[in-house]
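By letter and in written order, the chains are A, B, C, D, E and F; residue numbering begins at 1 in each of them.
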Amino acid sequence: MKQLTHVDKKGNARMVDVSDKASTLREAVAQGTVLMKKETFRLIQINNIEKGDVLGVARIAGIMAAKKTAAIIPMCHPLNITSVQVDCRPKTKTHCIVIEARVKIAGQTGVEMEALTAVAAAALTIYDMCKAVDREMTITDIMLMKKSGGKSGTFKR
Amino acid sequence: MKQLTHVDKKGNARMVDVSDKASTLREAVAQGTVLMKKETFRLIQINNIEKGDVLGVARIAGIMAAKKTAAIIPMCHPLNITSVQVDCRPKTKTHCIVIEARVKIAGQTGVEMEALTAVAAAALTIYDMCKAVDREMTITDIMLMKKSGGKSGTFKR
Amino acid sequence: MKQLTHVDKKGNARMVDVSDKASTLREAVAQGTVLMKKETFRLIQINNIEKGDVLGVARIAGIMAAKKTAAIIPMCHPLNITSVQVDCRPKTKTHCIVIEARVKIAGQTGVEMEALTAVAAAALTIYDMCKAVDREMTITDIMLMKKSGGKSGTFKR
Amino acid sequence: MKQLTHVDKKGNARMVDVSDKASTLREAVAQGTVLMKKETFRLIQINNIEKGDVLGVARIAGIMAAKKTAAIIPMCHPLNITSVQVDCRPKTKTHCIVIEARVKIAGQTGVEMEALTAVAAAALTIYDMCKAVDREMTITDIMLMKKSGGKSGTFKR
Amino acid sequence: MKQLTHVDKKGNARMVDVSDKASTLREAVAQGTVLMKKETFRLIQINNIEKGDVLGVARIAGIMAAKKTAAIIPMCHPLNITSVQVDCRPKTKTHCIVIEARVKIAGQTGVEMEALTAVAAAALTIYDMCKAVDREMTITDIMLMKKSGGKSGTFKR
Amino acid sequence: MKQLTHVDKKGNARMVDVSDKASTLREAVAQGTVLMKKETFRLIQINNIEKGDVLGVARIAGIMAAKKTAAIIPMCHPLNITSVQVDCRPKTKTHCIVIEARVKIAGQTGVEMEALTAVAAAALTIYDMCKAVDREMTITDIMLMKKSGGKSGTFKR
């Protein structure tokens, strides 16, 4: 029967013990989407064309948040990630921004949370920079797309 | 015509100048949902009934993240929020968890980002604590439900 | 009947809502003691006489920790403290170090936790810097000595 | 003759150079106690029985503080700890809470400070959540109980 | 006779007590320069023309560092700055980048350190992003250009 | 032809992927100078002679900032540095303070940024502690003096 790994037998939260795990190359890819009004999307596109900073700030927020994951998510292990990439892809037809984060490490535990946290921070940053023109933006479909490395092997959504 | 407030005329990111804004009582409520498999939902419910920590950790992660908002979202002002509440509501029919965060301040700028960041952190924490049994959980519909106070007045979704 | 203010009716943790509290001048003084072997005490004294850094580092660690209180203690409000002083007093007879921290603010809530956190951090720093010669040092009697300001008035131990 | 390792010949503070140390499995256990009034102890017990959060928040504060040790204690090395456990044990007879933290790592230096910092943060959190009903709580007997791994071998108090 | 305000009579560091200071509108402007090889300057210019991120990342690093000043500079007061602007100006003739930061607050103490810290962080970020092509870049002439507000009045370099 | 490593083909900022790099012993030495008025220099000297804290606080600020480098410089990898030393050398003839930082690691990437960040933070701290007597201090000539280890080999300025 399946069990939650982050709680002990009494149900108390704990950081999972990874002391004995082998250090292997691990990678995780996560995705999320920011839905918005057509007009908001147009303003971001104009800003982007004019070398503006909106998506650039979101990208950097995502990279920096990946490094802060263990300080934001209580049971996450502190990790020395070796690579983070964050892409913000404007989708003209559906006037939304799809964010993808890819994180790597050579370590004892995976980097799914780092990739997901990067996506969430980038999405929140887009909201922040556009909220004065569109309070109804919605952050949606934050999910793990792929992970590889480690005992549990490769996962693909 | 509408304009992005967080970029200057050259399109460069900036922290909006709120030096001259009046300090008023402001409040924001945000929401988000974690979708999961029935089995995962059942494990969280059992943990909850047995005084387990899963939703408790998520709640605390949300409260602590609200306080870190200005360190996560690049253009956010550092703020001394005066109240944060985070609720995690299990929805049995749709086997999902709805997270709601409510943040208050007496200050020169609103706390929408603090409420949204609290929701995102709580949702990511639920993902983290259950990911070993369900990698396909999805964080969805993070959005502002209400804000009040400040020059732009009350917003209700 | 007395009640815990940091938990709601369901027993869930919350940051106490201080939105409506008046901003007044508040002060808190806390104390703590590091017990150690005679020999360890002697080494700190020599270091101190030679303009060494042990107690200086402890003092600075205390001041910096006071500023981080809201990031360390989950339900603490973020505060802009206006003054911190940390003293480390070597007590020759009992070969221990007594640490005292005094914190001030003009704000909506008290600074007891800031003073106590400063004392704890300074004490842990003394432990850290001397642990190679004395693993049995003990940090003891961390307590609030005095607080003033705010609705609950003055407290003196 | 014994010497302080964290100060150089001039008495100046330094981070001890562990570049050449072997990476081995290390563990540390620390303990501390929060003394309080009978009535305060009773309120925590009731909260605990009702699935309340007081000891849960303390446990999480301890785990998160262990990860922040290098940011709180100036000369501590940044470390990727692989396991943290924090227990809060109510002692009915003496109406106090005994906190125990156990930290592990596969690394070049020990985790004593991480275990001690976790205990201190958990103790301060209990103080914070109960201070409105009992300002005279005292944090006492924070000490290292055990350490193993590394060149200096096993220590047991 | 002039005296250092950040040390007490015993020479011990302290956070200056600003509890009794009036809250006024304050502003500070700081500047700094990154000297580099012609070839490095050309690469930054090309990156800039192609909507690249080098100066954008530096700008954001500066804004975020301004918010972290009290965590980096031990005796700085935590402050809720209300505005930060960072400009990176490429100087073609001398192939260097001049960074200017402007910070505002309505508070009890000035924001000189916030402006200087923003400049330093932006300069270090430019170094980081170009160091693979030019290890000999030099950060120079970090200085306060202007401050206004507060008891000491206006300063202009 | 030389290329910026921290931007991808589209010019977007990225954290350089070091996943495949070997872990080797690396060291970096950086330097910087704080220019000041004769009178300011004299006050620091007196403080220093009287076992004062000015240069001690600067040294500690430098050590702590080295540990925070990845949180300050957006594209820096989080690293577990194994040694930091910061020296502040008063130069009587030119009444300036020369700061030198030396950082070591056994890791997959170098520690130049950690050494430079330590120097910048120490210099800013000297400015902070003396700014009430001399607003015109200037931080200058922050530069890498030496680095060794890693594929690119040894660099000496």
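FYI, a contact is a pair of C-beta atoms (placed from the backbone, for glycine too) under 8 Å apart; a residue touches a chain by one contact, two chains touch by 3 or more.
Please read all numbers here as calculations on a predicted model, not as lab measurements.
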**Request:** Please give the intersection of the contact partners of subunit C with those of subunit D.
**Result:** B, F
**Message:** The C-D interface: which of B-E, E-F or C-F repeats it, judged by over half of the contact pairs being the same residue numbers?
**Reply:** E-F
**Request:** Look at all chain centres (mean of CA atoms) and spot the one farthest from the centre of subunit B.
**Result:** F
**Message:** Using mean CA coordinates as chain centres, what's the gap between subunit A and subunit C in Å?
**Reply:** 36
**Whole-Å gap between the CA centroids of subunit A and subunit B** = 15
**Cα-centroid distance, subunit A relative to subunit E, in whole angstrom** = 30
**Fill in**
Within subunit D, the set of residues that touch 2 or more other chains is 12-13, 51, 53, 56-57, 59-60, 64, 68, 71, 74-75, 79-80
**Request:** Indicate which of the five shapes (line, ring, star, complete, other) describes how the chains touch one another.
**Result:** other
**Request:** Any two chains that touch count here, so list every such pair.
**Result:** A-B, A-D, A-E, A-F, B-C, B-D, B-E, C-D, C-E, C-F, D-F, E-F
**Request:** Using the touch rule from the top, collect the residues of subunit F that touch subunit C in their complex.
**Result:** 51, 53, 56-57, 59-60, 64
**Prompt:** Can you list the residues on subunit D that touch subunit A in the complex?
**Reply:** 25, 56, 59-60, 63-64, 67-68, 79-85, 87, 104-106
**Prompt:** How about subunit A: which of its residues touch subunit D in the complex?
**Reply:** 8, 12-19, 21, 70-71, 74-75, 77-80, 107-108
**Prompt:** In their complex, what parts of subunit D are in touch with subunit C?
**Reply:** 2-7, 10-13, 32, 39, 43-44, 47, 50-54, 56-57, 60-61, 64-65, 68, 71-76, 112-113, 116-117, 120-121, 123-125, 127-133, 135-144, 147, 155, 157
